Amino acid sequence: MKQFTSVKDVANPKELVQKALELKKNPYAHKQLGLNRTLGLLFFNSSLRTRMSSQKAAANLGMNVMVMNVTQDSWQIEMEDGVLMDGGKAEHIREAAAVMGQYCDILGVRSFPGLEDREADYQEVILNAFIKHSGVPVVSLESATLHPLQSLADLITIAEYQQTARPKVVLTWAPHVKALPQAVSNSFSEWIQHADVDFSIVQPKGFELSEAFTGSAPVLYDQKEAFEGADFIYVKNWSSYKNYGAVGEARDWVVNQEKLAVTNQAKVMHCLPVRRNVVIADDVLDSESSIVIPQAGNRVYSAQIVLKEILGNL
Amino acid sequence: MKQFTSVKDVANPKELVQKALELKKNPYAHKQLGLNRTLGLLFFNSSLRTRMSSQKAAANLGMNVMVMNVTQDSWQIEMEDGVLMDGGKAEHIREAAAVMGQYCDILGVRSFPGLEDREADYQEVILNAFIKHSGVPVVSLESATLHPLQSLADLITIAEYQQTARPKVVLTWAPHVKALPQAVSNSFSEWIQHADVDFSIVQPKGFELSEAFTGSAPVLYDQKEAFEGADFIYVKNWSSYKNYGAVGEARDWVVNQEKLAVTNQAKVMHCLPVRRNVVIADDVLDSESSIVIPQAGNRVYSAQIVLKEILGNL
Amino acid sequence: MKQFTSVKDVANPKELVQKALELKKNPYAHKQLGLNRTLGLLFFNSSLRTRMSSQKAAANLGMNVMVMNVTQDSWQIEMEDGVLMDGGKAEHIREAAAVMGQYCDILGVRSFPGLEDREADYQEVILNAFIKHSGVPVVSLESATLHPLQSLADLITIAEYQQTARPKVVLTWAPHVKALPQAVSNSFSEWIQHADVDFSIVQPKGFELSEAFTGSAPVLYDQKEAFEGADFIYVKNWSSYKNYGAVGEARDWVVNQEKLAVTNQAKVMHCLPVRRNVVIADDVLDSESSIVIPQAGNRVYSAQIVLKEILGNL
């Protein structure tokens, strides 16, 4: 593996899930692999799970880790080429990325979308600038449009919890109070189509995801119909792709125990953080239905298998 | 030891002090103990000594350390159960704590009181939420009402500097310009009663600490009388417990060399940070009377013995 | 080496450059030297290169590293002696420095000038307070007036790229939009005079550096004349020393390819961050003329040789 920014960077996603499950049995077996190797984790946005699980994964591999909250620890970075830098931005991404590439063997980058200009967000300016200018392998820690480390953890979790050879997996939109990226949902839609599952997506009218990621997955509009017989319910809010960035507040889309009644005792997943009783009700999160905590725990092994594959290729 | 949030978590405080003194002689002898173990340090409030001494202690034991400034690095966390999370808080402590417990073998948590609602502060909501939901041992890095790592370091320091079998130790209130927690003073009062000392507390009327912590210790109101023959003067400001959070500005309570005249060449202690000439005068801090720097140095060994005991129990 | 705050702390600067070049060939050869040694990196100001390169250098030597953004992670620190600390500052530098010295074997300190009071800035209050009160070796991570880790990296870079035994090196002022310190330029002027080069400085009238640092170096005012036959052009903005802190916006001083025509195919250097098209034009930074990226890369080896020399002396 040479970089990790989407499922397209992975030759065989199914095999990667199996490798992660193997790694999880013996996470400290490869501490020599990361010896004298440095991982730089660059956060243009807040992070809890990604920050901690990536650090832990790198430590498990014996790597040195350096964490930067880019705008807090240093300064504003100019992303546009050819500009006269006489404003508030002190450094250009061309230098910033190249310099970090001098200090790190692998760079992880988190950069959220602005959710105002769809075309700009979907161009993935920051992530691509690091790929272009850093000279080292880049791992997405959630970009404007995708969150592949999350999706890989999701597939690992489904593999661990599935009771049937071909479970039914439903990605359901849920309400929120602010505009959230489509990244987790885009990415899950891409990845899950590489697993042996029946996958469908359900959301209100106007909240359909880009077909570039949902591909041939059935797109439904009736949550109850979608949930029937489901083995896994993946809950996530996203703001509108069509009416870009619009917030969906349809509170009746909250996922609660009552709605799970029609499922096949579905396990409920969410990438976290989750707003309780807005997105998922307490009666689900505090029940056996929820597997959000072990799902978050698997972020360590998704990060670790990715770092291991990249280290093996350096 | 299964957690470390007050002296009540310690089977034998005197023995723990002796173990810490042993450890200090050979601090790198147990680097295998922390191998592949991760300490998460979570700061809801600022920290200098606790931050650095805990990192150092963990490194001495061969542990991996991850530091989070919770609100800077991630987001606001909801502490209340059963609420509809449609406000400014993005994640519930139930998930945050449980997830951190997936990534860390031990969690250290710093969380100060608000000093407005006594009952709420003394319930230790944040610390208890981590204990309840993280699933891993929790170490207090100073909670709303106690600072046991500081108190253990204090007892280590007294053991190192005491000239007599049963020294006289006085905890004296000192003035300040803002409302400070009672945590250090509560905690010192609890711990010191497990040492072979004569202990008393002196403060102005209205600034008495909770008897839950001071127990049977004599409570005096005349600083000069209290200081007579003292071997150790522990100086600390705290805001009022009775008139909860009220600031005490009685400037004549500052500790200076003149006041030390009646002591038995007392050593002066303070947990730091200390406001010079408000709490303690320059003529004390810059003299041989002060042991505040080695006292701060002992924070490494108080943290290290606690981590070592917990690691040994995992 | 006992500290590293200016070229004056180095017995033999030329030899140090050679040692750094040796170290670069085999950077992981001395990992035992830093075992159980802790480096504290204290940032009173933002940092990207210094932060990452110092962490990397310390890791290469097997050291434990603790990073503090002083004002974000802890609180405001009082620098003045003898004051009544009843304002906004919670801790005095005397305690803060001494305590950090308890936890760290070496302290790195970054502290920029205010650029309002020249005398105060040039007294290096913060750096000197750490030297005086910490009790451990101090490394400047850029002080108010000097940036010796940068200058050492600059000399390493010139040694790598020089084509002749005695290259011509020109330090040129360039425009900017805000007041920048003189530190990099002062420091480069001092250090370069210990190398076998012909060195001169060129700037507009009123932007001459202090002679305390430029010594006997020719001081020119015509950029074109200065550039003739140059092998290295070191570009840097600095605010006025004479009219202290005044910003120079003379945009015609920008360094572009056209101006390089009269040089001996000069290599262009800059400490970064650089504002493109204000300080240096895209046509230089994106060409073979620029060596700013490997120059930044050498920050690892300048920090590493300094730490190695100090560790060897502990």
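Here the chain labels run A, B and C in written order, and each chain numbers its own residues starting at 1.
To be clear about the criterion, a residue touches a chain if its C-beta (ideal position, glycine included) is under 8 Å from a C-beta of that chain, and two chains touch if they have at least 3 such contacts.
Since the model is a prediction, treat every value here as computed from it, not as a measurement.
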Contact graph of the chains (line, ring, star, complete, other): complete
Chain B onto chain C, rotation angle from CA fit, given as a multiple of 5 degrees: 120
Rounded Å distance, chain A centre to chain B centre (Cα mean): 39
Of all residues in chain A, the ones touching two or more other chains: 72
Touching residues (chain side chain A, partner chain B) in the complex: 28, 43, 46-49, 51-53, 55-56, 59-60, 69, 72, 177, 272-278, 282, 285-286, 292-294, 296-297, 300
List of chain C residues in touch with chain B within their complex: 36, 38, 40, 64, 66, 68, 72-75, 78, 81-87, 89-92, 94-96, 98-100, 102-104
